[in-house]
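As written, the chains take the letters A, B, C, D and E, and residue 1 is the first residue of each chain.
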Amino acid sequence: MSEPIEIAHRESSVLRISVRTAAIMLAFTLVFTALMAGTYRVTEPLVAASALTEKLRLIGEVLPPGHYDNDLMADAITLSPQKALGLNEETRLWRARKGGEPAALVLEAAALDGYSGRISLILAVDVEGHMLAQRVTAHKETPGLGDYIDPKKDRNKTRPWITQFSNLGFDTVPQKKWKVKKDGGRFDQMSGATISARAVTNASGRALAWAVEHRDKLFALPANSRFEESKP
Amino acid sequence: MFEAILVMALGAVVLGAALGYAAVRFRVEGDPLVEKIDAILPQTQCGQCGFPGCKPYAQAIAKGEADINCCPPGGDEGIHKLADLLGREFKSLSAEHGIEKPKSVAVIDEQRCIGCTLCIQACPVDAIVGAAKQMHTVVAPQCTGCELCLPPCPVDCISMQPIGESVETWKWKYPVFKINPTQREAA
Amino acid sequence: MSAYKDIAWNGIWKQNTILAQVLGLCPLLAVSSNLVNAVSLGLATIVVMMLSNFAISALRAFIPYEIRIPVFILIIAALVTGIDLAFNAFLHDLYMVLGIFIPLIVTNCIVLARVEAFAAKNGLRAATFDGLMMGVGFVWVIGLLGAVREFVGQGTLFSGIEMIFPQLSGIQILPVEYPGFLIAMLPPGAFFVLGLLIAGRNWLDSRANQRTREQRIHHQADHANSVPA
Amino acid sequence: MNAVQRLFGFHGGVKPAYNKEAATGLPIAVAPTPTLLVIPLHQSIGGIPRPLVKAGDRVLKGQRIGGADGNVSSAVHASTSGTVVAVEMRLMPHTSGLSALCVVIEPDGRDEWIPRQPFDFRSATPTQTRDYLRDTGVVGLGGAVFPSYLKLNPGKLGKLHTLVLNGAECEPFITCDDLLMRERAETIIKGTLIMREMLSAGQVLIGIEDNKPQAIAAMEVAAQAANAAAGDSSIKVVPVPTRYPAGGAKQLMRVLTGIEVPHGKRSTDYGLQCFNVGTAYAIYEAIALGQPLISRIVTVAGNVERARNYEVLLGTPMRDLVALCGPLPDTDRVIMGGPMMGLLMPNDEVPVVKAANCVLVGSRKLFPPPPPEMPCIRCGECAKVCPSDLQPFEMYWFSRAKIFGKAQEYNLFDCIECGCCAYVCPSRIPLVDYYRFAKSEIWARELENEAADVARERYEFRLLREEREKQEKAAKLAAKTAAGREKAAAALAEVEQPAVTPEQDAKKALIAAALERARVQKAQAHPENTSNLTPQQQAEVEAIEARRAEIREMAKPHLRQDD
Amino acid sequence: MTRQDRDLLVNNSPYFLQPASVQSVMLRVLVALLPGIAAYVWFFGAAILVQILLASVTALAAEAVMLKLRGKPLMMFLGDGSALVTAWLIALTFPSIAPWWLTVFGTLLAIVVAKHLYGGLGQNPFNPAMVAFALMIVAYPLLMSQWPGVDATDFAGQWEAIFGSRQLDAMTMATPLDALRTVLRDPEQRAVIAGLLGKHATFGNVGGRGWEWIAAGYALGGLYLLQQRIITWHMPVAFLATLFAVSGAFALYEPDRFAGPGFQLFTGGAMLAAFFIVTDPVSGATTPRGKLIFAGAAAVLTWIIRTFGAYPDGIAFAVLLMNIAAPLIDMYTQPPVFGHKDKRGDSP
């Protein structure tokens, strides 16, 4: 006899509790989402500034600030995927100028034949066709074996391996000598760990050649325009 | 940002309602933990733990009101099992609750028994048979050795006798190898 | 007061989140490759734990049992987002290193475990203190882990401290010729060192247990002897 | 001649040195009657027989002195005529070194039989046959001593296709079955025919290891004769390859028929039954001659000058038997059974029982103590030789760690303790000891759990009953007058002070009188379990009493309600 | 004779045992390694003997110290030979011109950490030699990748490499596996691989010059172990057959990119692994079917790590990964117990 009443009672309590929990949940969500949103608002400019600093720091590693006086971030163009640079995606290229005159190009490149796949590079090439410097930005080389291409991991802190490319161009090192010693070239490699060094060396050589070839065209393009590959 | 809050709010309402509904609808009755604990306890129903029987002690453990080391008949092994079940650390037997004794059964000295039935009332497992003014006796296989019949007996005619080993209940010992049995004794 | 002592002891040793409960392994193993990173993440975790314990203890009367977990997560997530943004804004170098691990504090079981097990049942002060002490327990272990890994792996300590205090720099402890022990710096090394730390704790604990047991037996024996027959 | 019997292999097994020649040179001799026979009542698997005689009784040879108790049990008999000296606890032929109830008989030298008459099993009902065999004490004589009447039952199939006779005798040193088959083959076959009839079995396969050519030849002759008499060829003697433990019942059944009888299943469900040749002989004596089982053939071998087989009266001390064979001076132990599975005896005075197929005399030279146990390297040799296809090293691992549940998962109870694994183990681990340990622990635990379940049930029932009685009482009171109703309310509310009825008064007086009597008794007799306590124990007892008092206080309302 | 006396005899049935011991098993394993070592010395000089000696002395010393610390009877365990087997496997898997401290350190880790911290003989879940190899190649990948050149067998130079401080570039050479990876990663040089694996002067005919003979020596020793019934056929056959099948299938699919089965079987540690490493009973699977699964899976992992991994030879990692899985494999591959398989009347 009392059963239907009980069920009805239970039904109402289910509804009541559901509504109550939903309401409380809503209240908490509103308060704390607002809190998060507020924090975001406050820190937004600072975070953006940090991100910019980070980018400039990376570029600064290959292109010392003294080499240019323009707003590097604004004077950039987009590259279509460049096979010669080992790239399968669009990248940015920054143009450094000093006193309005072209000074250097900062571009990205990649070596696909590392021991464990792709090695990403950033490098700066000055207007005379010398490589100012290059850095590895991402790689998966075996720790302790091939990762000396990254100066942070290189045990030789005073003169990391990657710095031997600085200020060299095809005038000082002929293009066919732009190889590791093992392959009869000019650059050192760690014995027992040739593969990573060879990949970086070859990729940088290709990138340098590409930059020298397209230098004038690249400087001539308006800012924020797009560079399409003209020939294979 | 307004959008973000809206999405969050919507999610909150749905989630809150669903959880509230589920909490009522799928409420589990009873406490299986008590059964599990009770299964480990030795069922002597002796009350040495301070609770009137094994089940109440199991309930107390499940509620966190009693510690796991209050059961002397269960011994260290029982405490280990409880510790494993409850994910707690092992503790040695709490001394205030008694010591682990060899398993025993109660025996009524039939010469002295006056047939008062007090022990029959005290026995938690009805293992004593007899009637008023008749001699009582303990059904040994059913006796848990809880000793609860000892205090009520007005003539102290009940004693606990350890269960001895027989050829049938003898257990092979853990094989521990002695590296150097002395020649003299072995000969 | 002894309740606070208990809380402290639980956090630092007995219920230590890493050594006893082995929680929060993901950030633990990923970030503890050197002392500075380890301690930094640890400090961030302390802050989150204190704040979340405080917030939840304060709000516990308003949180229905059924939806406590989503609410806890929400609160922790809000706090962590705040800290993440703050790191990004003010300690950007360190943020680059700790990177994804700060948001991961949200899912760090340590925080949720303490909130659920302690803060939701205790008063404001006790809960905040518990957050602090649990965090301290986390910091000293992750710090030790980081120090051992850094020392064994490359023979230095405090490398990378310039990211926080630009005027300081790391210390080279072992000679520069030290060949290093690379595996200590890699994730497997973190497991090895953590395993050894846990083994060390168990060893200390079992030794202490043994001692108390012996003491009790002696005590009982003395007691038995002193009672007149 | 017979068609060549197809043989099946069994997994594993070992080939230890057999050492059987020493005892096969001489025919079976009859051991002299000792000055005192100690006959244990418990000589078979199952319930312990009740003693039927008491000290001072005169018994005849073959007289039943222990009656079977329960469904699985078997009677025991006086081995010769004489006087019962005592029915008391004596050391058992068991490794435990524990004692059990034995009937001690002083022979009178007259060897006077009880009246014997053949049993006509063909006209008896199955129950009568069953009881008769049970009361003649026939059990499996291969060593397992399982009551034979339980096995002489065709089971649910109603008939069997094969009766297997086990003459494999694979254990080193033991030759009692070999000699029995050589000398009494005809009787064995006669016993077999009786069993076949009882079991409605088809063919009879007699498995004998091929290292016993003489026994095979003798059995072959007897079988041919029987086949000729019946005009068929249903009895076959099958030589089986010599490999321990080919004589295990399950292994032999597998070798002869290819059928594997799983652990815990009856072989009759597979249309098979297996008996030892000695059992067949005993069946013949019991059925055709009316003689209960009072003696058996025992091999005495090992560290003795003249190993030999004897027909021995059950209850003869092993020492007397060993003395007949001239034990060598460095003898240090007596083993019942063979070197692979035999039980170490607590001393050499224990009596020969139905299970004793061999009395193996040992010395440190003959059976040197194994080299120190090394850790298991999981080399798998034990698994290679295990005739039960087990993983002995896993069972060892868990038995050693006392994780008995896992040991059972690895089928610990399929282990037949044949000892092959320990025999080959390069780490010289006493594997079988670990299994024995684990098995007895598991059995003990099961018993404990059963007892706990019973106790729980009884306790819960008691609580239920108390509750019900309380309600009934209240209802009864309520059903009475208004005054009664008030009283009921009072009784429920103030259970501490129930109304005193005259009846209870009388009871109290009685109790008081009894207490007075008891006090006098108590002054004389002090309860044993509270004497000689250390002060510490005393204190504990007091503490416990105090707690008990509390509980009683708590429980009082319930108790009073029961009054 | 009383019951107390009997207790001192302690052993129950069986009362006599077959004469076999752990020691004799281990000794025969060492004997089986000799042909491979002989080939090693012939092609790459005596440096390997120095490494074996170094590893053996270190292993025995570490074993003795650990036994002492753990309070175990010294002579009984030291004489079991298991430490020597571990030591020899370490020496044979490390480059023979590795600096002395690398071998000593690796051996110490194997004996102290991988063996004794887990409870000593019979308790180690991982193959100690493989633990040593894996730890060392992760910690010192450069040193663990410098193998002796096939023509640089002069002992004085090798001695200098082991005990001197100089790195001897002239002596080192990429192993065939390294060479394979080198060209594998360079799209322009993929064509070279065919020449490399063919009759190439430097690398020998099948698995690289010298290496295939060493592998054959190990295989010979493995056959001896089979004949002595110390190992069963399951593991070697499963390992080699699986490696053959997997590498064969991929080589057929793209022969320019993937090395063929002959190369895979006869280079690196494949033969050593098949007969001496995966067959380690303590850390491997033990049931017959389990052994097949264990060794087969180890072979697949080996091939994957060799082809795609960050380190040249994948055997150590493959074996360690399978060590973890061994208890599980054993649990699920229990052979049916007597009577529990439905075997009515079929012949064995």
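Please note the rule applied: a contact is a pair of C-beta atoms (placed from the backbone, for glycine too) under 8 Å apart; a residue touches a chain by one contact, two chains touch by 3 or more.
Small disclaimer: the values here were computed from a predicted structure and weren't measured.
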Notebook entry, point to check: Computing the C-alpha centre of each chain, which chain sits at the greatest distance from chain C?
Noted result: D
Note to self: Using only Cα atoms to place each chain's centre, name the chain farthest from chain A.
What the structure shows: D
Margin query: So the centre of each chain is just the mean of its C-alpha atoms; given that, what is the distance between chain D and chain E in Å?
Written below: 51
Note to self: Averaging over Cα atoms per chain, report the distance between chain A and chain D in Å.
What the structure shows: 82
Next item on the list: Could you please state the distance in Å, as a whole number, between where the Cα atoms of chain B are centred and where those of chain C are centred?
Entry: 39
Check: Got the chain C residues that touch at least 2 other chains?
Finding: 64, 66-67, 70, 74, 180, 182, 186, 220
Notebook entry, point to check: Among the residues of chain A, which are close enough to touch at least two other chains?
Noted result: 17, 20-21, 24-25, 28-29, 33, 40, 143-144
Next item on the list: Find every residue in chain B that makes contact with two or more other chains and list them.
Entry: 12, 15-16, 19-20, 23, 95, 177, 179, 181, 186
Check: Where on chain A is chain C touching in the complex?
Finding: 17, 20-21, 24-25, 28-29, 32-33, 35-36, 39-40, 43, 46-47, 50, 53-54, 143-144, 155
Note to self: Please output the residues of chain B touching chain C within their complex, sorted ascending.
What the structure shows: 12, 15-16, 19-20, 22-23, 92, 95
Note to self: With touch defined as at the start, can you tell me which chain E residues reach chain C in the complex?
What the structure shows: 135, 138-141
Checklist line | chain D to chain E touching residues, read off their complex | finding: 8-11, 14, 16-17, 95, 97, 250, 254, 257-263, 265, 270, 332-333, 335, 337-344, 346-348, 362, 367-372, 374-381, 383, 387-391, 393-394, 410-411, 414, 417, 419, 422-428, 430, 432-433, 436
Note to self: Quick check on the complex: what are the chain C residues that touch chain A?
What the structure shows: 59, 62-64, 66-67, 70-71, 74-75, 77-78, 81-82, 85-86, 88-90, 92, 95-96, 180, 182, 185-186
